[in-house]
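The structure's right below; bear with me while I get my questions together.
We just call them A, B, C and D in the order they show up, numbering each chain from 1.
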């Protein structure tokens, strides 16, 4: 297992510690090339597919290509034993690093113990674990929620509103990301001193569900002054348009479709902010794993900066693409980390072109 | 009757207003073989189902050995020593013969079923019914219908019955097995066990029973000892009127050149190891019988002609075509239309849960359609006509067909096919489980159809029917025609001899 | 006076009553919390029917298969695959493509169930997995276009005479299905085959074709729903079909169709769909947490089936 | 009729099961040969851990299927018991044992409720359990609105490793070094648990009158009733035992992950996989034929198929497709028999 050491860590531009009291880890350095595996859970949506493609493309990136001797990706579905099994199997096979999106924030004790025993670097990202025993990579979900709410308050203030009704479209019930983002939103709203009535509906981060519940909410509650949507934001805007709801400030995810709509309707009042959980996180997780294998000091919890764009900074061909599908996630690059695989490069070309 | 083993006092049973039994007093004595006779729907099965705990009476009282009893489940009746045999209803196809024989009270060791003891017990009981050839470890599914009935009998005996009930349980047996059953019942009788025997075959009743009870319309008409009444009197009691000649008159055999056009001709028909080269020809206006012991390939032959079997070899000429139909759908709609009344009406002939009307129409949607749509008026008319023609007794044509009695169900199957106006009608034992009155109607209908120019191929397990109905009879043995008989040459002796393949082929 | 209802109509009547109860309960809730009764407004009801039409069309197809005593678990990804392929092809060819996908999947399902005689429960599950795999591979390899075509948008979103076009589409599908079930040989054959396949076969019904036909209808309905849903969301996406499988089965069964086949009326399915859609919507308005939703959902199904009357005991 | 030799008869009556065993053997041996650490205790432990929950759930599904029905709530009951266990499995030994007992009791009681609804409510099992499955998930969410829980660490480690580790953890048999433990030391504990449940629960059940009644009902319910078999009792027993097996799955899952998770998707996946496993194991969905042991084998086949993605180099985005095609092909195996059927009526059983 890694030793707990004191900071600062390597490459702090890229591997920013989560907070001031984040621990630091150090593994014994070992010679490249390494064997690296990505254990994904669910696979049936665009985000995951984009993530897998990014992972594969990054493994071919000149910056790391020579350091990886074998690279495998498997998807296990939403099946905890299968995911744990896959991780353990890769440990048994003698892989050096295993990157994973956990299907559950808990339940990894055994594989963490095995990974430490076998000196394997295990890096959960995106859906992280409720533990400080492994190195993890994520965006700060709490901060994301706060940023959303702050943006909405700012836009509402510009309209002269200090109270009103806000629609909150939540994500998958029971998920820690959903919980953190919602807490962030409410913290800021409650702290603003304004009188905000928040109507919550559950959109499961899914466009169809989000659209349906938004439509229902509008039918029942009339108009809202602003919308905070954790995901499925394209669907939420569709519902607003279909209902003839006035365009209001909105906070949402980073789907290309949503950004297209914001760019198109910003003039009409759809003042939107878009912050994305990027599929490109996988590349940073891989980079972190390799760095750890090289013996560098690494923060236990790596915070990847929030990729924020709002209606004023949207630019076609730069941070959204009108000619590309709605479903894909716009944010894919992290220049400070040297991760430069852009969304269009991943999605618009066939695999051969990427290589 | 104080010496009765089972006694009914004023038993009534109604189904949704329909009277199945009303105020029935009935008793049977230990050591008797008691026949229960009656038309279809007379209430015989209901009577014994009440005794067997399958149904609960709406009124009245049942006494077992003088003490009042109620049987909420078949299990309770079993425990009291009342054992009931239905046609093949109580065997479980996916369990072994041994499992089935000891199904409810298996021998146990340490609380678990003792398989070895179970097999030994099965062997013993099978030996008692002279079926040593049945492997106790075989699945019931693998056995033929007649073997299954013998297993059923072994199972019943194994339960040490005080009262043994056979509801049409011998209808599929071979004659050798029938003899075995007779002997067995005689043995049980000697041991003081009462047997209740339901059958529509008078000769079986005659050979076996000592007491007869007649039911009609849910009422107990009369009970008397064997020999007290003539067969004719009995039939009158059953159906409430006199029955004249059982079979309609046969036309005199015509010389070959005057006979109708040949609709079907088959040479060397082979299928697997069940059919081994059958020659057959069928002309308009003819009723041709298929005889022989059960399971000699008669059923398969009918299925082959109807397009159900695959890989049938031979030379065929059916309505100008040289091939057999590839499916029933093709058979019924070809140039020469074929109809089949199948063996088992409950699983092969009818959709039991569906309305009578839908069952009648199932083979003739194209007849009642205008363009792509069914015309409800046309459909109603067709249904009414057919119900009228066969005199099917129904409440409403929208009732599920399972509410009809056995005979009327059979008529629905026949009517369904008559509606398609077929040229060739294949009948697989159509009178099994049918009362005398209905049987007679079916015989008459067959002759009428033949006279209309249809050709009929008729398999029956009852020699009397073949003799009474058929212009010609082909007797099958081991998948081959071993004898063809015509006109007056068809006699019981010749049929039996041919069935056993003890050659009098010289003729 | 006692009103007697034919047994096959009982579920329909009871489900209709329950729909009213749901509406009243929802209204009572909104009156007590917000002081208004939006649930009873035509606008709200039309919107529910509009979003219900996707489920309604899926359920109509599912009913064909359930009438046979089979089930079609491939609905979710048939719907998705049809939608995604249609948008990928785009333009005027979108509709034929979607229907083509539906027909192809239906033929495959039908072939497996009717000819290979693999239980539909498992075969359609396999087909669903394969379709999902195909869509993952397709998205991964080709980044297909996913924007809805104008026809999709029109059918799903536009209104004619103030009524959403989607409702007309659903009504059209319903009319065709209802007519087919009651007035065509195929419809009658469907009941016969579902009631007892052996007897139907021996009646000269081409039961294999009937089975294939039912699965094709089911898949085509799913594809149609996918086509509409794409218009409603303005795009096709992976996972768009996930929410339709279990509600479709539940709607059919709550409408009185017997899960083992042979019995059921289309009107029942229609009401079953309305019931499910309203129930979901009211629970959503009440901001019922997921746990409560699931429990209520399950309890409603059980209670209603108990009220419909218990099935016959099997004795013969 | 010719009497067949007993092994011939067995094979004839258990083709599906025999095929499944053969398939599993071939697949698993090949996997081990390809694996860099094949045929080692570590690989066996990993494999058995991964297969345990689905194996139990597949056994749970077997009973309703033998009756001729389906239980769409097995995955949900597993999830519910998983959540219950995640609350109870900690503290002193007696408390943990009590927790295990209560967990199993929960699942068993839920199964009993399913059985009662099916028997006394006379609702088709597939629909009844579709509904009760939702209720089970709802209860699971109430108990555990978000994933978590703290299952005793030692317990988790001891039961998810080899016999040696078990002894080592609890200081039994001289810390696992006793000479008499040697021959068993490398056997994974989950294997022992599964075999134990199968032998101690399933085998006696199958040889009891109630168990045989379950088969009889699936084969011909009318006949079973007429034969005086205890139909209602057998149906309730089948669902109850199904609930028990599902609870074993949930309990093991909790021990394996030291936590509980009311994951609806996972519950659904387990239910569907359990049906696939039952079919692969040679149990007929029509009822009356098959066994829980077969389902165990079927579950392992499902798992082994996915093992291959980890040792072969297969494009990750093609993996779901390959998995689907393999499943479809595997369940289509039996179809060759039906293509050879000469009498069309044999198709309609």
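Annotations
In this text, contacts are C-beta pairs under 8 Å (C-beta built on N, C-alpha and C of every residue); 3 or more make two chains touch, one makes a residue touch a chain.
Since this is a predicted model, take the numbers as computed values, not measurements.
A straight line joining the Cα centres of chain A and chain B is 72 Å long. Between the CA-based centres of chain A and chain D the separation comes to 36 Å, rounded to the whole angstrom. Computed centre separation for the pair chain B/chain D is 45 angstrom, with centres defined by C-alpha atoms.
Multi-chain contact residues of chain C (touching two or more other chains) are listed as 132, 136, 140-141, 196, 198, 201-202, 289-290, 315-316. Residue positions of chain D touching 2 or more other chains, listed in rising order: 141, 145, 222, 225-226, 317, 319-320, 344-345. Touching two or more other chains at once are residues 54, 89, 308, 327, 348 of chain B.
Contacts between chains form some other arrangement here, matching none of path, ring, star or all-to-all. Chain pairs that touch one another, listed by label: A-C, A-D, B-C, B-D, C-D. The residues of chain D lying in touch with chain B in their complex are 1, 3-4, 6, 9, 13, 204, 207-209, 212, 215-216, 218-220, 222-230, 288-289, 341-345. For chain B in complex with chain D, the touching residues are 52-54, 73-75, 77-79, 84, 86, 89-95, 99-100, 103-104, 106, 111-113, 115, 133-135, 137-139, 142-143, 155, 271-272, 300, 303, 308-311, 327, 348.
On the side of chain D, the complex with chain C involves touching residues 70, 117, 121-124, 126-128, 130-135, 137-142, 145, 221-222, 225-226, 264, 272, 275-276, 279, 285-286, 317-325, 327-328, 331-332, 334-335, 338-339, 344-345, 347-348. The touching residues of chain C, when paired with chain A in their complex, are 30, 34, 38-39, 41, 43-44, 47, 51, 132, 135-136, 139-147, 157, 229, 232-235, 237-240, 242-243, 281, 284-285, 287, 289-290.
Those residues of chain B that touch chain C in the shared complex are 54, 89, 306, 308, 327-329, 331-333, 340, 342, 346-354, 358, 361-363, 365-366, 369, 372-374, 376, 416, 420.
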